[in-house]
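Each of the next two complexes has subunit A plus one other chain: subunit B in the first, subunit C in the second.
Up next, the complex of A and B:
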């Protein structure tokens, strides 16, 4: 769905829900998820509705994911790094995970 | 405009005489020329629970409230419907609390029938957890003193060791040496309770007047005149349910209500999958998944302030009790001012110099909401407190102590 406009830097390898994903060094996590064609980054805690990054500027909080073990981080505000572990969130988070 | 009162549930513990009376059938002889039978001063949980109960008795009720900026415990409380620990120093308070705890399920059910709103009352039993042997010993001693009082209702609070607690709360940390468990403890969604009671009084035709802070009360010609910035309200009776402000209002009608407000702080996590089956006195998981942490007490009364060290200590103890909380995100913290009488026990009084004036004042506006609606309100509707139930809670008790 999304196409990169130009070469955005070196390839960075991350995992999303355990699967390898290639991002670019200038990507935010949100950009990397969208570019990889991932169709939901979380489902909401109350109704379970699917969510993707929306505003891309830290306002809407729709892009919450678990990054390197820390839950509910705003994917649009965090730059990717080599070896990053990203997990999508399903509904309410589980305490201790 | 008033909905017809539904019949009462048989599960209610309180006296319910006259509850089926329609508003139009209220005894005429009781009425003066006043627009209202009862003016309730205060639109927090105590005020609206009382107003709802009065409306069920067929009274024409007005609630005089402050505005959105009011210092309001009803918006900041911890939402426990709590029994254990209540009554040390005043044994009848234990029985009074258990009465409300027992009436709560029926109270919540009736509110649901009237409004369609669920206040999510649950009574799974609750814990007080100790992080050292010394804390546990102090806890056991305090419960022993409580239950050794003459006339106390034994409410079966049990001291448990780590293994016993872990069977009911599997996520406790190794530092939890034990705790006390009381099967009567529960909790509720208190913001929804606040909304539900407001919805319920509206449906019953109660007149709710926000931004009508009561400045003065006088009694003339057998009726009360309540001065507000907007206008004067007249009522045959007045029920003071204004929390800490009762301290200033009560002397206007020949009563007293000595208070010592204190500040508490609460830390709230993001929504988590249910992991905590029982509320703990300092920590509970709400029906919506957030974990509320906090049982702090500060002798400060600035509602806008927040002492970070206090929040940090609350969070630190919470993580020691439940290590799984270590990775949970905090989404909110707040402070709120507790309504607290000088000795911590409720004050229910009726004025001798100003007949028809009552005080309804307590710390536990959530726990005692069922009593205020189902027991206190009918007494006010009848015009006299039932001494057999509430005599121990008169503010006259303070004279004895001050004389010493």
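Up next, the complex of A and C:
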């Protein structure tokens, strides 16, 4: 969906759902996920539909992921750091459980 | 910078580090007012100058000179003595000007004698069938990663919509060596009739020559088709863009139909807002110094009504001059009249652009199974049927359908819900109103709340 046009800084190693991903120091988590070509960063709580970032400017909340163990963070606002763990958020909510 | 290093109070708190916020903070700090600027992004610049201090796109011709003009603003702010804090999320502002802010997982409540909200604009919701599919993004999103990370659309890319930003992004993508399969222009032809009376003004504005050059540059390389409908189709991800002019395979669809003020913080602070029929959005009611209905709180930049980045900086300066006057009457200040004149020049021709690029009803008021609320996945048919049943406004609509109650807090459905209710009930958006917004306007964790300092009196109040 996106390719790197320019050198966006030093390589930064992340894991996304346990798999290694190489980001660059200029990346936000959302940019790193898009550059790595992932097909979803979450599935919706209502119907379980896959989502990727939509606005990349902090208003749509479609890029919510778990970062270093904290859930529902806006991936488009968080810069990457070495050793960061990112988990995509999966699954419908189970109301009443 | 960490939240614990913040002072308990500042003379001026500026929220947002785009052109309005940077210009306001610079002017105030230079006039000797203790100023802090909070911005939630990793670097200053806002959306228009995003990544201005760090962009890897060093070939200046790609993003263009209008982008690089932001460098001076950022440098000026840095040298001004204002404390600039990035990665700072303001989640609360009350009428007593207590600012709730989180930095790196720690929260603080900061007192401000004056506040300038400079949270700018966001892209107008573009609710078409399939707009939630992976592979569908806003044009602004693609521009954001181009500026800040040097990411260029790859694969079959289609743009759809209306407005200057769409053409600017198309030109930037082409200059960077990217490719666009097509631009689906959703501008209704009849818009020209309402725009025409404002053409003389527009011809005098700097945007006239720039706009024509941009259109020529893009149309020489990309097929442009006028369309009356757009839909994204695919199973789990975008595979096709469907319009009334046919279907085309696509990997990325970039949508844009203008920008609207980011109203969440100003509304939560209690500022009175009004409906702008030309720009089809709510905006705060402001005086000539951009002061809102809440004493001590001003709204500058595009959050005050859409006028563009260079106008935003002048508005920021005017708001800052008023703030400094109140805080430090002896301070030496630039002449507000000359700032006002510059602002007037920047705003010239805006009426033409607004009327020309006014999105068609069908692209703002969807039908059937098209999602209105992306978070809670509420359809247009549900909203329309609930309005028909007697639901009178967006706040009641929340109780029926949960629309506007997801994490985006109505940012991507608010205008659509208001307009749909107005249409169904043969009312007006002004009469229907908007969601009632309350802090926190951004989600925060319990740990962040728990990190707030507790006074002895507060501790005693809950101890038995």
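In this section, the second predicted complex is superposed on the first by the 91 of 97 C-alpha atoms of A that agree within 3 Å, B and C clash if a C-alpha of one lies under 4 Å from a C-alpha of the other, contacts with A are read in each partner's own complex, and residues count from 1 in each chain.
Throughout what follows, contacts are C-beta pairs under 8 Å (C-beta built on N, C-alpha and C of every residue); 3 or more make two chains touch, one makes a residue touch a chain.
Here the structure is a predicted model, which means the values were calculated and not measured.
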| said: Quick check for you: in the superposed arrangement, does A:92 touch first (subunit B), second (subunit C), both or neither? | reply: first
| Now for A:46: first (subunit B), second (subunit C), both, or neither, which partner does it touch? | both
| Looking at the overlay, does A:34 come into contact with subunit B only (first), subunit C only (second), both, or neither? | second
| In the superposed model, does subunit B or subunit C contact more residues of subunit A? | C
| query | Does subunit B (first) or subunit C (second) touch A:83, or do both, or does neither? | reply | neither
| said: Applying the document's definition of touch, where does A:69 land relative to subunit B and subunit C: first, second, both, or neither? | reply: first
| field | Common ground on subunit A, meaning residues reached by subunit C in one complex and by subunit B in the other | value | 46, 70, 72
| note | Seen from subunit A, its contact residues with subunit B in the complex are 45-46, 69-72, 91-97
| What residues of subunit B sit close enough to touch subunit A in their complex? | 171, 270-273, 275, 288-289, 291, 322-329
| field | subunit A partner contacts - residues on subunit C that touch it in the complex | value | 40-42, 47, 51, 54-58, 87, 89, 105, 122-123, 131-132, 134-138, 140-141, 144-146, 148-155, 176-178, 236-237, 251-252, 262, 374-377, 406-408, 411-412, 443, 445
| remark: subunit A residues touching subunit C in their complex are 1-9, 24, 26-28, 31, 34-35, 39-40, 44, 46-47, 49-62, 64, 70, 72, 76-77, 79
